[in-house]
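In this document, chain identifiers A, B, C and D correspond to the written order of the chains, with residue numbering beginning at 1 in each.
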Amino acid sequence: MTVINGYEQSDRNEKLDILNLPSLEARAKKIIPQGGFGYIVGGAEDDWTLQQNTKAFTHAQIVPKALSNIENPDLSTNVFGIDLKTPVMMAPAAAQGLSHSLGEKATAQGVAAVGALMSQSTYSSTSIADTQAAAPDAPQFFQLYMSKDWDFNNALLDEAMKAGVKGIILTVDATVDGYREQDIINNFQFPIPMANLERFAAGDGKGKGIGEIYAAAAQKISEDDVRRIAEYTKLPVIVKGIESPEDAMRAIGAGAAGIYVSNHGGRELNGGPAAFDTLSAIAKAVNHQVPIIFDSGVRRGSHVFKALASGADLVAFARPVLYGLALGGALGVQSVFEQIDHELEIVMQLAGTKDIEAVKHAPLTHFHYEN
Amino acid sequence: MTVINGYEQSDRNEKLDILNLPSLEARAKKIIPQGGFGYIVGGAEDDWTLQQNTKAFTHAQIVPKALSNIENPDLSTNVFGIDLKTPVMMAPAAAQGLSHSLGEKATAQGVAAVGALMSQSTYSSTSIADTQAAAPDAPQFFQLYMSKDWDFNNALLDEAMKAGVKGIILTVDATVDGYREQDIINNFQFPIPMANLERFAAGDGKGKGIGEIYAAAAQKISEDDVRRIAEYTKLPVIVKGIESPEDAMRAIGAGAAGIYVSNHGGRELNGGPAAFDTLSAIAKAVNHQVPIIFDSGVRRGSHVFKALASGADLVAFARPVLYGLALGGALGVQSVFEQIDHELEIVMQLAGTKDIEAVKHAPLTHFHYEN
Amino acid sequence: MTVINGYEQSDRNEKLDILNLPSLEARAKKIIPQGGFGYIVGGAEDDWTLQQNTKAFTHAQIVPKALSNIENPDLSTNVFGIDLKTPVMMAPAAAQGLSHSLGEKATAQGVAAVGALMSQSTYSSTSIADTQAAAPDAPQFFQLYMSKDWDFNNALLDEAMKAGVKGIILTVDATVDGYREQDIINNFQFPIPMANLERFAAGDGKGKGIGEIYAAAAQKISEDDVRRIAEYTKLPVIVKGIESPEDAMRAIGAGAAGIYVSNHGGRELNGGPAAFDTLSAIAKAVNHQVPIIFDSGVRRGSHVFKALASGADLVAFARPVLYGLALGGALGVQSVFEQIDHELEIVMQLAGTKDIEAVKHAPLTHFHYEN
Amino acid sequence: MTVINGYEQSDRNEKLDILNLPSLEARAKKIIPQGGFGYIVGGAEDDWTLQQNTKAFTHAQIVPKALSNIENPDLSTNVFGIDLKTPVMMAPAAAQGLSHSLGEKATAQGVAAVGALMSQSTYSSTSIADTQAAAPDAPQFFQLYMSKDWDFNNALLDEAMKAGVKGIILTVDATVDGYREQDIINNFQFPIPMANLERFAAGDGKGKGIGEIYAAAAQKISEDDVRRIAEYTKLPVIVKGIESPEDAMRAIGAGAAGIYVSNHGGRELNGGPAAFDTLSAIAKAVNHQVPIIFDSGVRRGSHVFKALASGADLVAFARPVLYGLALGGALGVQSVFEQIDHELEIVMQLAGTKDIEAVKHAPLTHFHYEN
């Protein structure tokens, strides 16, 4: 265990026996300090949107194709020109030092071990360069929380380009912090420095409250910013936090190379629809002009299947990975991805879909069920 | 603490630490005597409509507008020619002496402190003049429970005009008391005098049972009454308790200057629809001919947003304010409004709506969820 | 207390303090012996249809008519040429000796006291003549469970005609006993003689199991039987247990003078729809050719209102009356009717409906709610 | 009790007092060892599809036909040219030695006693010949889990033909084992030899883990396999595990003599629709070209009725039978069938359907209910 500003970080590195990803939450709660756990697990207000995110996967049902004559389904895919062994990727979760002393470095290693795509957050505990260096040959995206200060933005983007990231995820759905009651209850202050903030301005990001950190963040984000970042980096810019077809088309019009459908895991706007419910209409509008990444509520291989069959090209998740990170470090992260890939493989075989392309064309029914 | 007819009134005056408004109920229950608390919290029959009122906000979902380039959303609005700092107003709740020894006077001060609109009930614990005088420069509406006795009605309206109220809310959905089981269980009798009743007929309103007080109230209320009050006062008359487009149009035809969509917080007719579910059809029919006030079930900033986006111009609430009044007097009331305004501001920023006008044009989805 | 075959019958006769009718179930359970209580409360199989019967009233919602200018709503009505003070009537429940030593005689008195319509069952604990004689001037219907033996049927009808009943309810939805698990668990045998059976064949109906009693009942019931009974008695024949428009029209074609929409309170066929959900389509088909009686699940004044507004002319209930009978005899029965009439009157006033005819034309909304 | 590899098998043979089939689960749990019970009761992942399977029967409701003039409804039917006393049949459940020392032999005897159709699984604890011989004159189907090894497949089919089975059920929805968490929690390994596997390759099937047994199973199953088996056996081939009209038509095109609508009792693909919800569309497409068998979630006579009224010709179930087998051997199995037949008979009488053909034409409503 590593103690930093009184916060006890896990140092574990071991494979995990995982029954299913939902069960990790209770296990992780025992080893992540209360403030950090509350920050990770919590949604906005009363968690309604957060809870619907996962429940909403029951709104679509997988119709298995019988007599499909397939075996050993292939989970590999190529998105944004990147070869991946799985359509499941790591969402750009902040402050992974809350889960583990190695933070994003361990996550990157675990993600690389399964051939998945890593993305790192502006508010990472480890620097862009260090996170990339932890898995030097594996593909990573850098997620940008825009600051009001473009010197800061450009410096981050410079670092990301230097580190060789394959794309920039521009988050647009968190222009102010969601009203997260867990953090208020815990009076949570980030105990762990945020490396990217520290590097830019010594002292920044260390021991600051959530409010202060966000104070430096840009509230105004526009289509111009998408264009500016795309031009500056020449990298694919994926706009994260899209929940309507109209916004998806505006983002593409502004130069977005990808659409990231998400409601930030229910952490920002409470009272919006479950992200999964918004996916198929957006995919229909986007009509394969650019790839679609989806997250929010994904906990099962069958969720990944349903998101792909509803129009996603990649499916991201974070909380279960952060729990795996706490419980087992890089190897724990790897175990989490292996579990969801294992479940996805079973679902693909049972659904009669031989590869990810087949999954994307799989039919779904929409009977109405209660959970 | 002030004791009146054996009833213990709060004397507090302090700002409150508020996690969220629903959590105030349990806190207030500890300090408001059982009979008074039951009167405030209870709905008609088995509380079905009361409970659906709040649940129904999940029937519409906020679709955030990404890349909207806004910051510091502006909550101010102008309704009925009145400049307000927030679209959230105080509903005309009766008998606030049940919550606090200063009754409506403290409420008026707390409401004024946040620049919101106050409305006071015919059955107030403090007189029209005293309530207005508690916050002399702040806008107030007077709510009329019509009596069978027009001398009484005119006397009240005279006082209201003299006090300078900006409008008259005519309640039409409570022509008999709802079947409130809490009051029956508690054998509740009003322990606190009702100032407006006392002034008209000495001894009236003091220590009377709910039934007796309502016995003097008019059951027959017609479009003619709307006309009569509008002509008598020359003030805007807002008809409160509208649940159908047809009734809204009839009220406007009778001279209503505003429509108040409400089911009385579930306190009158049980088995009717959630008020929120009736709002958008009414707003479509009214088509901006007059402003619309909405209440019943509002507990969150996101509820306010959804009501505005469904056609309301002002959104009222009462129970959380009455709890704040008990827990903190005028300052407690102020804290309650600050909390819901704070939540609304976050929701507006996250939804990409720069001001109330933008909220009114914000799209909503209507996916089906269970609560 | 009266003890008969070891079964303890209530002898009470007192007005009841009633909060609401659902709360009577727990009170009655304390004084009705387990076997009798299980027989009364139980539905078929797992009670699914029974439970949906009451829940289904939330499928329609009352839209109050504002500014309706009414007071003191009038509950009286005239159906089948009979003047009644309330549209709520007593359903023909069997074996009321399970609740009280005076059985149907006390029920008839309580029902008469409120000016409601009484109906008595073939399987009554007291005879047709005695039940009618208990309230000689009050209107009663006789309900017929057809036997395979027409001598028995005719004898019963003769007695009913002699007693002066105003109509015959022919039950057609119980041609075999529902699979009532409570009775199986309790190994329930009727401990109380059934007077009508006893009179016809000495020894019959005394101490027999449910199965034996039903063995004598006719399973085959056809449109011819409706015609035969109507011709024999020259009384209005109301066919009870109709759940589809088609069956209603067939019954009318066979001479039915009334349609009784019911699923036998969920006691017969489990897995059918809630009776309330079937009502409006049936009423539309019947189109006022004959009156419609409705029962199954009615517990509130608002339920009565919704049934009337959906096409019923009379609304029946039984279980709450049987509980009131046990708890207070004839006076208890009266209290139960007074309570539901009181609730109905409040609902009528709040809904803006001055009389039963207005209720029948009141609009309902059909928003979707969970209970 | 018989102990085999440390596993305690029931030896009981007695008629059971059964309140209803759902209640058998708790009774059986007390006598079936934990691993075996988990294997029987468990579904895939979090049991969502398993639970919806039974709940979904509430999505359709039985509309009784009044005045139908019927009695003593007839449950007999003829499907695939086989005379049966009931439309309820035994689904081909594996490894019945987990429930009873006599395994499928006892089941076959119990099934025969009620004149129902038996089907036995490839993974039976007793051999094809022995199972048939246990009830030599009763009709049986043999269910095939295809192996990659056609010598094995042909050997099994040869045995089945020799034993005189009336049809072959080809399961196509289990080409890999579902992700059954109960088995993982229990680290379940089959303790009982599987006779058909043993006979083919000595030592096979004994004490193997579920994974190993499935490793030998074919993942690739195609329309060609249907043709091949039909040609080889000249027996009706029923394709089991169909959930869409398209697949049903493809199976028929490949020579299927019957369609078996099922999601394997929720044991394979979780996140698919309830099997019952898929039935009517499939039946409409099949349009009586071949008979339809239905299973998944059937626990009540009313479920059987609803499945028949939705297009099924035979309705299968397994878990309740396996519980009856454990609790009472062949006589327990008989009791389970007698119970569901008894319930079905009551439902048929109450619904006014004189025989199975009438049930198939019975109307259903589709009101929306929560469970």
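The criterion applied here is as follows: a contact is a pair of C-beta atoms (placed from the backbone, for glycine too) under 8 Å apart; a residue touches a chain by one contact, two chains touch by 3 or more.
Worth saying up front: this structure is predicted, and the values here are computed from it rather than measured.
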Chain hops separating subunit D from subunit B, counting only touching neighbours: 2
Copies subunit A and subunit D touch via same or different residues, half shared test: different
Between subunit A and subunit C, centroid-to-centroid distance (C-alpha), Å: 60
Length of the line joining the C-alpha centres of subunit A and subunit B, rounded to whole Å: 42
Multi-partner residues of subunit A (each touching 2 or more other chains): 368, 370-371
Parts of subunit B lying in touch with subunit C, wherever the complex brings them together: 45-46, 48, 52, 55-56, 59, 172-179, 181, 184-185, 219-223, 225-226, 239, 241-244, 247, 250-251, 254, 263, 268-274, 277-278, 368, 370-371
Partner subunit D, residues of subunit A touching it in the complex: 19-20, 22, 57-58, 61-72, 300-303, 305-306, 342-343, 346-347, 349-351, 363, 365, 367-371
